[in-house]
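Per-chain residue numbering starts at 1, and chain names A, B and C are given in the order in which the chains are listed.
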């Protein structure tokens, strides 16, 4: 461990879109290092209200570091043998660790812990979102990060015969878990049609100002049996009314229809979700949940000459319908945001106002305004 | 996340006072990386005794890593847009995360989590102290690190018309907390007169051997309402007799008068503290605490030719007077230390002996000797 | 903390066996950075069975990141003033922090937290093992990492008059503990005879293909009084039947006789262990534990021309005999492994099958097969 390296290869250094990078002359080894800080002020509080009770009680305006990430990636031994790991410094969590074999465009392979490409909203890095954070339905439908293996690639034919696919197998117990709960695995697949014949990356806001439209129509599906009914950065968790799951208690099957489009400074994305939860330990009691969001952003400078170039306006509407005995609370969120891009997504300021409207069938509705201001900077 | 950087800028590397550093040719991006290890042997135990009970019981001589820090700083996009984060590896705590806008000397701005400049003793890095660690009164009076925003700068006129100022607003719930407890914030300000017309940095021991005297006279004030009556690296905590505070229970108001001086190898610093704690949930029951320390160090080589150049001797006296019903224990600490600076503060050995004398009014006094040996090295 | 470095030294960068490295032109400062990921699939489960009960119950096939390490080392101020720290990212544990003074070959010194050189099996990095992981007896006999200080060196005379020695004092409370439990320390020593006159490093598999034989015969001893009867990466712990030790409860004395040999692609290693546990709080009740393993690996390409060069086969047999009232379970493990070295230990795939056979004197034996597949890659 202690003696100096024997053989060595000359390394040159650059600064690029992934931070400081160090590369050997033969391009066999690449190391990229970047840190990212996200500061957020919120009032009356930061989190989306989850239940009716969250609308009452003491309001606690928050100023805090929301994210502090150390990102390390590159390749080793071969240019196509890539790696990436990301550590959340403020929570001391290892978020991503992935080895990727990306030798061919049509067939790639990755293994490790990473964000499943189940929803566009979750897959987009928190540093490259259009709004301050994900919508009110992310909590209920995201798979977040999972541990396992995946094949993926792009099948590009002529014109609009242009598809991306993903197929993965995961333990289905979420970030940071060290064993599976039982023998059941999570199976995931996604098929994406790039209907304009151009690939659109997982990234919010049309900062590139696409000259030609780039659009996505995708269908994703997943099934999993585990103790959990939802996932977050903290790992596996529970939706209200499904607390303390036992190993293999819940068979969860989900589907998502997704669209996205970018063109001349305009960006659009939407998701429509269905989720079925079968309680295997309670006579296969079954619930069906639904949710959606639609979101659009625009750099008005493209239409109005006097409009400042770095300023984007965006709007989002989201809804969640639990439609089950234990919880009839319909949730709605409508948000408006303004982004000022000092240096693209690498250094930007976002101001956002949201209106939450929770409706209990036959009950009284609750509503709340929220304001958030966020500075996200990559270093 | 995975593809290689597109545009890039040539980076050169150097080793400087903040470790290895990497800078783009246009000076827009700078990255500095340093780690620091601090080894400590203590007998009969490491911590300052807190109560009478600490003088009895099993003594546990400690050898341990006291600090293991990873420090990352630099600037991004502009030379004046600076950043800094520091991670405590042995505890897995994110200590500092700060973005600074330092375009003008007279008006600077920082946001994040950092050591409030309330006391010189706490603000000085643990790696740049004169003694092994801070005095017995640090526990009661420090604000430690807080989350919020601050303006600061230097107002330099002719001669001794030379001032530094700091004014900040913080959540007042200490390191690592993610929300405020209520709507009350912490307000802090410090005015510092550089009475010799020279700025003195937050650093112990006159290693520079100042040819001209550099002195500081500073007054600081702070007020905060929170569940906490003290702060440490672990976050908000409680002084004895104030356990388990509720949100907004304690209104704490503090003031500190501080001096510091360095001249020809001699260094001096002192603090005088007052702290008022009002218990808002118990009829505004009010306590007043007082404390002080005085400290001096000298490189005797400046006076005695035969004295080894890297050897400094230092002495400190500190006292704490709770003066309240629940706790009448007066505490006194007297310490003597010897520093051997192999490479300034970057590589030094410190031996220290302390005598603690705790006096309960009308009761019997308790006393204890302690010896500590410490190696602090920046890598 | 915030201003730029003043004096600086030109740094050049290379890629070597310890990853990316940065060195000043005067060779006074060296920084080496490497990360390592280890992915493992196991069925029916990953851990060695510990008791009879582990043979029953739900089997949980595991796919997971087994290790994610950040390794930082180099030297500072002098080429012989070395440092090393290693952080486990997936568990957020600081594993190693060490400063080494290695000016002379015959007398070196290190201080900090590191793997005690008590057994070859444990001392070999998890990334440089021949099998997927350590044997079934590692749990009972390893000292793992300890905090303290050590002298060591090599005494090289003519021919086979060639010895290495280690002697250390540790707190004896394992990784991550911050104080000793009482005044008793751990004392360790190891004497190693390099009986072919060549030094053999702590590393598995004869990847170098030694032209001349290199062999080791070593004797180690250790004594410690603490609450613990075993150690692991998690720190101090308990063997079955010794739960919840009090400070200073157990006086543990251990000895190990070790051999190792490498020659023409063949590698051999063995350990024979004795461990005595005296319960100081229960009339000095004394137990004696015994264990052993033998292990061999071979690159058959050295004998068979058609055999693939990167493929090594290896086999291990291990046994544990508690021989005490509370636990009579004899444990046996026999494992066969195949390694494919894409790039030496830096990038390798290992497949392993183990057979466990636990025998309770006078009772029924239990047995289990296990299969593990592992990819270990340094980046």
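Before moving on, here are some points about what is shown:
Just so we're on the same page, a residue touches a chain if its C-beta (ideal position, glycine included) is under 8 Å from a C-beta of that chain, and two chains touch if they have at least 3 such contacts.
Predicted model only: the values in this text are computed from it and were never measured.
Viewed as a network of touching protein chains, the structure reduces to a complete graph with every chain in contact with every other. Residues touching across the chain A and chain C pair largely diverge in numbering: under half of the numbers involved belong to both copies. Rounded to whole angstrom units, the spacing between the C-alpha centres of chain A and chain C is 39. In chain B, the residues that touch at least two other chains are 13, 92.
Residue ranges of chain A in contact with chain C, taken from their complex: 1-2, 4-13, 22, 24, 29, 31, 72, 74, 76-77, 83, 85, 87, 92-94, 97, 99, 111-113, 147-149, 171, 176-183, 247. Note for the complex: chain A touches chain B at residues 13-18, 20-21, 30, 32-33, 35, 37, 39, 45-46, 58-65, 68, 71, 73, 75, 82, 84, 89-90, 92, 96, 100, 102, 125, 342-343, 346-347, 375, 377-379.
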